[in-house]
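In the two complexes that follow, subunit A is the common piece, with subunit B as its partner first and subunit C second.
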Partner chain A sequence: MIEFEQPSRRELLTAIGKAGGAVALYQAMTALGHAAPTQFAGPPKLSGARPGASVVVLGSGLAGMVAALELQKAGYKVQILEFQDRPGGRNYTVRGGDVIKETDGTVQKVQFAPGNYLNPGPWRIPFHHQALLHYCSELGVALEPFVQINLNGYIHSDKAYGGVPQRIAEVGVDYKGHVAELLAKAVNKGALDDTVTAEDKARLLEAMRGWGLLDKNMAYTTSLQTSAQRGYDRPPGGGVNGAPTPSQIASLSDTLDPRVWGTVSGFFSRTMQQTMFQPVGGVDMIGKAFARKLAGLIRLNARVTKIAQDDAGVTVDYVDTVTGKASVAKASYCVCTIPLPLLSQIEVQVSAPKQAAIKSLPYHSSCKVGLEMKRRFWEQDEAIFGGHSFTTQPIGEVGYPSTGFFKPGPAVLLGAYAGGANAYTFAAMTPAQRIETALKQGSVFHKQYRQEFSNGVAVAWTKLPWITSCASTWSEDLRREHYQNLVSVDGRIVLAGEHCSYIGAWMEASLLSAIDAITRLHQRALAA
Partner chain B sequence: MRRALAFVLLATAGAAAAQSLGDTTSNGSPGAATTSGEQTYREICQACHMAEAQGGTGPGAAPALAANPRLGDPDYVLTRILRGRAGMPAFAELLTAEQTADVANYVRTHFGNAYSTPITTADVKRLAPPPES
Partner chain C sequence: MIEFEQPSRRELLTAIGKAGGAVALYQAMTALGHAAPTQFAGPPKLSGARPGASVVVLGSGLAGMVAALELQKAGYKVQILEFQDRPGGRNYTVRGGDVIKETDGTVQKVQFAPGNYLNPGPWRIPFHHQALLHYCSELGVALEPFVQINLNGYIHSDKAYGGVPQRIAEVGVDYKGHVAELLAKAVNKGALDDTVTAEDKARLLEAMRGWGLLDKNMAYTTSLQTSAQRGYDRPPGGGVNGAPTPSQIASLSDTLDPRVWGTVSGFFSRTMQQTMFQPVGGVDMIGKAFARKLAGLIRLNARVTKIAQDDAGVTVDYVDTVTGKASVAKASYCVCTIPLPLLSQIEVQVSAPKQAAIKSLPYHSSCKVGLEMKRRFWEQDEAIFGGHSFTTQPIGEVGYPSTGFFKPGPAVLLGAYAGGANAYTFAAMTPAQRIETALKQGSVFHKQYRQEFSNGVAVAWTKLPWITSCASTWSEDLRREHYQNLVSVDGRIVLAGEHCSYIGAWMEASLLSAIDAITRLHQRALAA
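And now, the complex of A and B:
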């Protein structure tokens, strides 16, 4: 296996871009686009809160809870109001016995076996999300590897390979092999003479030969050499029949399918690189650990209906969702982490530009389907240990558990992670229809599906009453017009949460935004 | 069991942009997708605006599109669909211009709305936000 230093790889991809056009350039872009880790300089060092100063935090997602934790450390009197009957917000895991209620009254009861779970929302943590990793460590949340890249998963496209799923290793190796052969041809024809020096031409050819596994004629062919990466028809063994036979390479044309090359280049996305992590036992171990630190401070089943402020402080109206009783919470300051689809429908006493920002930012959605199977057939029959299989079908992918390898008994597959417009298509279905769709489409990968299926759960974020979506969808236009207005401190109120960041739908976003928000709020409080 | 339709994520540029949104948009299922306005309504809009376009209930609910005088303004309708707003998703990168015009015309001529001036794909293109790169 030949490995490249980052710089030579970059040069290589730039060259490919010039010769090979958009496809190759896309790969270069995703590899180069994200570089720096997140902006975390350690937990905030706030101290010396004004005596008697208090903060009401709205929402007990990670943003609300980290804000409460740090403000309390600084000496503020803190209370949290939370709509749901559990803390954690999108940091959410479902297990056997849990009940999921949708906006139209639909109820699902989770039937997973003890120990099994589905993370309907966040499920993986990049190694460079330092704020989140810091708090996991501080709060004693055990992490284990999340297998993001598994080349033994499949890729399926309705427009390539006759619709037959291929192992990711096979298509990935063919893709670079064919591209390398083409680039070598272009170099040898003199097509790059005006961009590559004579010396670099020789080095580039050598690189293409090594990277693409080209033969002595600079061709990408079926051989034991290429099989050493893409896999063999008969793998090397011992004894009399030990000799391997190579696997047949596929065509250039198939590798040019966007699902194929997009998957391969997606592995280079900064947020998807190995090593990734997951909390042992479910992602909600993070939220639960925060909540333990805030025992007694979180009022559950409290839906905020109005937020007002004046010289004396902040007044928050809320309704107890169990008893229907209306109450009022008062504090000196307010950190509001309510997701904008809900906040936009609540009366908030802030400046007109901030109100416009709250109302303007759209959100996107997704749907995850968890399928409990009677046994780990993907491991036992197909040697897939973690990772994903990707498809052009609306389910998007099948995700394999990163934990419990080799265990006998039932295990939960991610049977769908539908995004884009498909998120709403899934939301419009009943849970039973979503599960049926996941079974039908996932059968393209695994013939065992129908035989082994035990039960399932389908979480359509659009239908969850406390958020009605997944996360914010910023565009450059929206950033220019609304971002600073959204995050500014307005009198005694500051917003925080995933939507108040440049990070997007990551738990890191909620932590970094909250730390920044309370730091500014604290300064405002000291200056007052 | 009805057939789930595949809606297009329009361009590879969209796929690249989607990656920077975070974890939640990992797939956009490219595929052929010509659908009628009614089909698009049933497959997508209905999830929030409900079967009779009567709107949802509870916090964060989508408003009724039925008998909605604001639907009289074609540009208002298109801007909402293309750019979204709070709980209303932005569909500029999820639907083709044809699908967008068709579904806009569909809601403007059904559910007690009778705004007959047709919306065209030219209108959609005029109001679409610049593509993210």
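And now, the complex of A and C:
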């Protein structure tokens, strides 16, 4: 990477542009360090396994399965032990007929109509998650756009607009209008003369006028101009009564609610930026596609009880959760993707620092509620097609399906996506109480809720016996102390999974972690 | 509509919320005049045509066809005269094998691969264009999401960033960061103490910090925090080298370019807000679906030369453009949807004010260039899935297809969407020159352009003999003088089309205009 001093970058690019034209400029963009989209550089090239070497993979989530797939390609003999009665791990979709068992014995039977589903865990794919997109393509998983930004969704805050939900477009336009008016006022007072050059001052005022839709007095006001973005009271039409009437803007004070600027800013979050995708038919199409490639290699219902290693290889003790029979799996190496809340309860023969890392990383929780409604009233009555409505209530949001637009018949809303402390509150409720809470709180957006509700399902991750949590939560301090210890190859054992990444709870994290882990394990095997 | 004084609205809603709960609040939202999405209130209910009455519809664009469809349902005997050899008008898609003839005799033969297409005119449907969505549903036209917002597209300005294109996310995040830093600075200086209350001042600072991603010194800086939105130099990954490195923010000065704030603000434009849709397979699926419903009623190749009326009915003279044979169509009433640039050259027996209106309304132009590329390099190499890249160059933008994501093989880019004066410059070129210009200017974004280019097509609306323009351009002055005269029922004749609306060049305009026109014509017929 060429290094330049910060102030010279623009001038340099200008010089390149003048000298070499558009193509030279384009090439310079990369050289100058424009944001790279991904750390993925194609699938690992591991050809030439150590002769006769074998690998036991623990866990058949995406990390375990991509590890198995690529190690097998390289020539390793691979077996996978999976605790559940299905492969996929958190790459998980529930459909009508599925049964969800919780740690306390509670059982939910999913009642969704055929074709409907809920993704309790990961559900969307950012455009820059190139490893995941690569494997979806290689494995033939069909993708469709996931509508992340829908400005016709609602924002609800208990502290703004009298608690009345507003369309995201309305509050977003009002917010930037008020910000623009205030900044223009300050600039015109000379308050920033020591910061902004005279030339930029004029350009800044022009930007505020244009971006904020300010009027000739540099004020943000109720007008046809502002309604052309926030929406009209009566929109433009055709014929004799086609003239529009403006909608009433809201006050500065309302737009300063964190739910407002948090949403507007959140659309820019790198992981949430449009364009996003989702697998057609449910996110578990990815896990199922991996599993098809690994047919015969995955032993289901296998609860690992001990992981040991010596000079000869790795020994994994496990119990068949159906028959109760104890068994032993042996291999030259082990890739362990068991989530840490479970792994920390298993005897693992690794170094003290890695043991400390395994025991130190906290996991957060999450609860999603799927509500099957008799019809798509959000589309039919309110013109909401995909996207979300956000609220300060514990449900966090209502998510609208990005598939099957305009179809008649029942469809599934994401009725709650609770995180933080709210996730634990939901987990403490019965499934019926979680659904009732989602119905009650979601009614703030949709008066049709009670009438159109058909059935629901509520997945609280801390209550799922096969994981008892949602995903890892690194802090800067924990990273410093434990991260490298967690991901290092320890003798014949390496860990992989979203907990072994800087990405966190995304499918991409599992893949990139596993690819890195097996690449290093392979090097270790060849060097041994 | 209940009327309230502006300041009381919030208090009132709070009171309603306290008294009645969520459902009462929801119902109040509508009553208090929240933005209505559309003037469409369902298809017109015209039952009970005047016995024996007939209507001749001139033009089989969407306005003419929806008029014919609904008048026929009501019991009128309907016939349609169409100038072209196909129905649909500006609802138009070109595919491989199609021939485009221009006014000067120039002919283009479209070379696109099977399945590929360009929509030279309308191409996307806002979620609030409810009339169009209604008829798509009624006529069985399949729709798919049109990706309008893709923050991974580029922005290019000849006056910023040394002319080097930037990802929209990068400039959008930098822009709000700098604006937030400046406003926070001004607020902390007390520059807005006379405008903002002490309570709102604290909330405003918190909003600037959160929305703008400011650091603890309230500065917008290069950091992992800002990179979490604008993108990283090295993004987070998995395993030992998973740590991210931040990307370099750009200067305030660069972000003040109008191309930057214009784009960021433009995503809020009511007609451009997500979620948008497009017909699967090309926009003309709409026109074709209407035409199927009107089988046998549309006479093609009919050039209207005169429109007359008397107490007995309407007489339309027309010439068959293939045989040259002159004919006359007679009916009780006439719905004329002929675009004004052509209608103004035809003898029409209407009042002087309507004649003046017909002759006074200017039309603007537009030019779209479709470039078929051998592969989807924008997806494969640059992770751009749908959306647009915007430029200050005459091409205006490059548009990426919102369909067929991830597919191998050739695909069609929108290589230019020129408006204003640029549209006329493009129209003055030969098609080959237009395509060459699109290739040259688009190369600023994509170095692959020349290598991947296969073939192109360039549609300049002023050169199309059947319309010689793109769409109407009303000013406020023109509205005041001519609009009601243009749309009024004149004896037995009424005009319809996007020119008879406050919406302008959108398909919705044609539909709403026509629905209003035939509703009034029906009333006139019954009253006669």
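Here is the rule we go by: the second predicted complex is superposed on the first by the 492 of 528 C-alpha atoms of A that agree within 3 Å, B and C clash if a C-alpha of one lies under 4 Å from a C-alpha of the other, contacts with A are read in each partner's own complex, and residues count from 1 in each chain.
One rule holds in what follows: contacts are C-beta pairs under 8 Å (C-beta built on N, C-alpha and C of every residue); 3 or more make two chains touch, one makes a residue touch a chain.
The structure displayed is predicted, hence computed values, not measured ones.
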Worksheet item: Thinking of the overlay built on chain A, is A:258 touched by subunit B (first), by subunit C (second), by both, or by neither?
Response: both
Item to complete: For A:500, decide between first (touching subunit B), second (touching subunit C), both and neither.
Response: second
Practice prompt. Could you figure out whether subunit B or subunit C reaches more residues of subunit A?
Written response: C
Worksheet entry | Which of subunit B and subunit C A:269 touches, first, second, both or neither | both
Worksheet item: When the two structures are overlaid on chain A, which partner does A:341 contact: first (subunit B), second (subunit C), both, or neither?
Response: first
Practice prompt. Considering only touches as defined above, state whether A:509 meets subunit B (first), subunit C (second), both or neither.
Written response: both
Practice prompt. Go through the superposed model and pick first if A:117 touches only subunit B, second if only subunit C, both, or neither.
Written response: neither
Worksheet entry | Which superposed partner A:333 touches (first subunit B, second subunit C, both, neither) | neither
Worksheet item: First (subunit B), second (subunit C), both or neither: which does A:453 touch?
Response: neither
Worksheet item: So, does A:130 touch the first partner subunit B, the second partner subunit C, both, or neither?
Response: second
Discussion item. Let me check the overlay on chain A: which residues of subunit A are in contact with subunit B and also with subunit C?
Written reply: 22, 26, 29, 33-34, 258, 262, 269, 440, 503, 509
Practice prompt. Please name which positions on subunit B make contact with subunit A in the complex.
Written response: 1-2, 4-9, 12, 15-16, 18-31, 42-48, 50, 56-61, 83-91, 94-95, 129-130, 132
Discussion item. Residue numbers of subunit A touching subunit B in their complex, please.
Written reply: 22, 26, 29-30, 33-34, 83, 103-104, 122-124, 158, 258-259, 262, 266, 269, 271, 303, 340-342, 344-346, 358-366, 390, 392-394, 396-397, 417-422, 424-429, 433, 436-437, 440-441, 460, 462-463, 465-471, 473-477, 498, 503-506, 509
